[in-house]
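A, B and C label the chains in the order they appear, each numbered from 1.
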Amino acid sequence: MKNMVRRMGSLLLALLLVISLTACGNTGETNKGETSGNAVTEGAGKEAAGEKPVELTMAFLIFGPVPNDLQKVNDAINEYLLEKVNCTLKMVPINASNYSQQIDLMLTSGEPLDLLADGTITAFFNYTSHASKGQLYPMGDLLEQYGQGITDALGDYVSAAAIDGEVYGVATNRDLAARTSFMCRTSLLEKYNIDPDKIKTYEDLENVFKTIKDNEAGVTPAMAGQTANGTLFDSLGLSFDTNGDQLSDMIGVLLDNQKLEVSDYYESDLCKALAERAYDWYQKGYILQDATTNQSTAEDLVKAGTLFGYFGNSKPGIEKQESALCGEDITEIILSDTLSDTQKVTGFMWSIAAGSEHPDKAMQVLNLMYSDPVFVNLLDHGIEGTHYQMVDAEKGIINYADGVDASTTGYDMGVDFEFGNQMISYIWEGDSPTLWQDLDSFNRSAVVSKAMGFQFDSTSVKTEYAAVTSVIDKYKRSLGQGTVDPNTVLPEFVEMLKKAGIDTVIKEKQVQLDAFAQTNNIQ
Amino acid sequence: MADEGKALRGKKKQKRTLQKLKRYYMLYLMMIPGLIYLLINNYVPMSGLYLAFKNIDFRLGLLGSDWIGFKNFEFLFRSQDAFIITRNTILYNLAFIVVNTVIAIMLSILLNEIISIRRIKLYQSLILLPYLISMVVVSYLVLAFLNTKGFINSTIITGLLGRGTGISWYSEAKYWPFIIIFVNAWKNVGYLCIIYYASIIGISSDYYEAASLDGARMWQKIRYITIPLIKPTVITMVLLSLGRMFYSDFGLFYQVPMDSGAIYSTTNVIDTYVYRALIQLSDIGMSSAAGVYQSVVGFIVVLGSNLVVRKVSKENALF
Amino acid sequence: MKKRAIIPNLILALTSILCLVPFLLLIASSFTDENALVLYGYSFFPKKLSLKAYQYIWQQGIVIVRAYGITVLVTILGTGVGLTITSMLSYPLSRKDLPFGKIFAFLVFFTMLFNGGLVPTYLMYVKYLHIKNTLLALIVPGLLVNSFFCMIMRSYFISNIPDAIIESAYIDGANEFKIFTKMVLPLSKPIMATIGLFLGVNYWNDWYNGLIYLTETKLFSIQNVLNRMISDAQFLASSNLGSTVNAGAIQLPATSTRMAIAVVTILPIFVAYPFFQKYFIKGITIGSVKG
């Protein structure tokens, strides 16, 4: 016993030591920061060259593990930035499942944070909430002063995320539109002599499904989306059925994206028809039977050989991308027009934290991210010679460096779409050499919603909004994946939505949309 | 006379207090590290409960934001589900308390009857095993059993019972109360069992020896020695669980049922409702409000039950 | 004598099997080929064996080793300090004769019911105590002293430490601290082992603190590293991301790997558990022979 006590005593001592050490470490660090800062000022004073370099903190979203060579690349970036804009960058990668929460906390506590990836994809971001609650720095003036590169890259879309006329975030330049397609296995299309170009309607699709169902035992013809939560409402509802606009959350939508008329999608005839179709497909075994408990992505199921195809958003180059994932050739059957709306543009953006001490520097760095290929390629692909090598310098085509491949490379985060202007980065060997031109013309060809640039602020109806969200969670998946009979469940769903207050939300959305239209002179 | 007596008594009291202080100051000193920790970790942040009554705007600061009364609480009662989630939360928690306590006490008494030390070790390790597995993994395991092609459907129902089709577990709400209570017991009984077992082996063996001399049988010893002596622990544990009455294990109610909408009527509880409702809003005020609501109700329940315990046996009350 | 041992053994053996079976399923699926998992689901007898899941973990090499080191360090420190503080807090609360004891007990208990929520706690620790991205972030918040454990320990002291022992020791001239260390603790091995075990398990299994208070991945504990893989994979499989993010293009561990991860994290506790048990058994033998 005595020993135990003594041991505990020493443990306590050890902890105290750790505490004091870390405390020292902390103060030491801050002191160091200050002194080194001072030293630099002195140095700069001697040189009379001007300001001391500042350190900016940049938080961004990653999927999967932090790359081993992050620090190496970060150092290279700092070297470059010191020369260009006299500042350094602290790259803070945060993983996808934790991003939203961690950013909320960082913004609230006032920790050092200057640049952050933000956006309107609710799985990761809360841009509207951040902006309307004053957690982001208004960018208008800074954009004018330092943001020429950003404005050039984005054109009119630069103000797509404006709230009450003020911009708090700028979209990254990537695919800013989408079309709905059915992606399926080329081998089976060929086996049954199906011409993908002739598939235009539901009837055409159903014929294909029937062929697959009847002839391929153990293969389900279709999955409603690419992931377990995907429903036909999301994938087909407002793109294939009609050129609509989800208005970011599908709580109050535009059934026609050229008419600024907000309505409840779930109450519409379109929704009813689609729910009935989903149910019919489910009964016939055309779509996934265990959709509720499915834990795999569509690509995994195709790879395992149990799935023929799936609905999803697509863009130029998707066949190659999906083929690689599925382990066999995939054909894209384009179903809808190419559409664009606010959500497609503002999904991924960059913002400056309201608490940033150097918003001007942050904007300068951001500007480089949209206009300086050297900086963008460092962020996207790492260091030349270590992580990648040029295959064709003229066309900007690269491949992994010698002795390195996809699994051993020290820097490949796969988030190129996140770092500013994707279209000035290098293209991987194997992808189309004209990928960026294709993507650009794809973006330009889109039917743009009249509500482009509209952001809904749900603060004033948050009670109803919360209640509606939870009702949707309960019904949407089972209806949109066909597992329940819409004749009984859909009316129940619509009624529950009304009780939760969806009409109040829609009314508020309409009011805000009208105001938006008026200030922007949209008919 | 009377005054003198009072003064004397006062002096005596003073002296007694001084004496007490002399004896007990060490005990107070011992408590200090723990109390400081609770102050930092719990009491200071508790002041943040006021966020529940504010409409947070960071331009005005957390303190400067507007007061909005109980508006942040409204979403909890707004939907049709308000009754269902409250009912589910309460009933499940009551069921957990009863089922887990009974099983855990039974197992720990049985463990105490085992003579072979090696076996005690083995049983204990195995019973605790589920407690070590995270809920996410538990949800995969449950899925493995209940899947359309899962173990129960393919092996037991269609295999052994010879019925044509299995049960689609994840869309039939009626089975879930049993599944959830079972999974919860499976996962947590080992934990409780160890607490009770520790409490049983702490009982002085003198009692049992004396009882044996008196010719008591095993059941009598359990009935008249073990159970009365672990009663305080049992009461404490139950009271503590009552305080968490309005909380629930998020993983158990969200991940294990695979977030399947069709079975919300028996799997939706306050925590999952709040999560689903606020996932798009990320409103600090509203999530604080949910916490305040859960805490206040739990507090009332505990105060009430503690009062009852106090009436019945004062020394077993928590405070 | 014989009879009474058979029935308890039988019941306990059945219960143990019930607890073990799903775990075996977990191990079996971690050795199953990923495609076989998608095709046939989980099975005790894998249709196709594969070591890929463990190879994947092995490849993470240094990351895993460092994270294990951090977990071990945090668990030892946290459990030691936590147990010391908890027992020193709980024992006085168990003394019926302590003036204001009930008030303190209430103050401790109260923290179980009310908490300020994530944001105020975060502000406290990050803004004022500056523990973000330090090792303390894994030890201190929420885990070190738990009022639940305090109350359990207190109730053990109440029922298992006879007042007479304390009183006679006091009369013999021992001060209260000495009574605690010399008389009370030796009688409390079972509960110390129990709470120590639970604290240890809590520290070992904790990923929440790392999730909230760490963005510096070098400080990640094993649970942080592994939980991050699991939750990212699950998160991405269940969110609608559109065509920009290519969920599948991101190398996330497959189902079998997630199972292997679970096995890898559980096994060490399972192995370490018998060492704790020593104290449970000692608790029995110290109290002389059982009747």
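Methods note: a contact is a pair of C-beta atoms (placed from the backbone, for glycine too) under 8 Å apart; a residue touches a chain by one contact, two chains touch by 3 or more.
Everything quoted here is computed from the prediction, not taken from an experiment.
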From the centre of subunit A, which chain's CA centre is farthest?
B
Tally the contacting C-beta pairs at the B-C interface and at the A-B interface, and name the larger one.
B-C
Once you find the CA centre of subunit A and the CA centre of subunit C, what distance in Å lies between them?
36
Rounded to the nearest Å, the gap between Cα centres of subunit B and subunit C is 16
Approximately how many whole Å separate the CA-defined centres of subunit A and subunit B?
39
Residue numbers of subunit B (touch at least two other chains)
140, 143, 147, 149, 259, 284
Among the residues of subunit A, pick out those that touch two or more other chains and give their numbers.
108, 295
Got the subunit C residues that touch at least 2 other chains?
118-119, 123, 231, 234, 238, 255
Quick one: in the complex, what on subunit C touches subunit A?
35, 38-39, 59-60, 63, 76-77, 80-81, 83-84, 118-119, 122-123, 126-127, 130-132, 134-136, 139, 181-182, 185-186, 211-212, 215, 217, 228-229, 231-232, 234-252, 254-255
Residues of subunit A that touch subunit B when the two form their complex:
100, 104, 107-108, 122, 126, 129, 133-135, 249, 289-290, 292-293, 295, 354, 458-459, 462-467, 469-471, 473-478, 483-484, 496, 499-501
Subunit A partner contacts - residues on subunit B that touch it in the complex:
55-60, 62, 71, 74-75, 78-81, 140, 143, 147-149, 170-171, 258-262, 264, 268, 273, 276-284, 286
Under the definition above, what is the set of subunit C residues touching subunit B in their complex?
4-5, 8-9, 11-13, 15-20, 22-23, 25-26, 29, 40-43, 85-86, 88-89, 91-93, 95-96, 98-99, 102-109, 111-121, 123-124, 129, 140-142, 144-145, 147-148, 150-152, 154-156, 158-160, 162, 170, 175-177, 180, 187-188, 190-191, 193-194, 197-198, 201, 205, 227, 230-231, 234, 238, 255, 258-259, 262, 266, 269-270, 273-274, 277, 280-281, 283-284, 287-291
Using the touch definition from the top, list the residues of subunit B that touch subunit C in their complex.
20, 23-24, 26-31, 33-35, 37-38, 40-49, 51, 107, 110-111, 113-115, 117, 119-134, 136-137, 140-141, 143-145, 147, 149-151, 186, 190-191, 194-195, 197-199, 201-205, 208-209, 211-212, 218, 221, 229-233, 235-237, 240, 243-244, 259, 284, 287-288, 291, 295, 298-299, 302, 315, 318-319
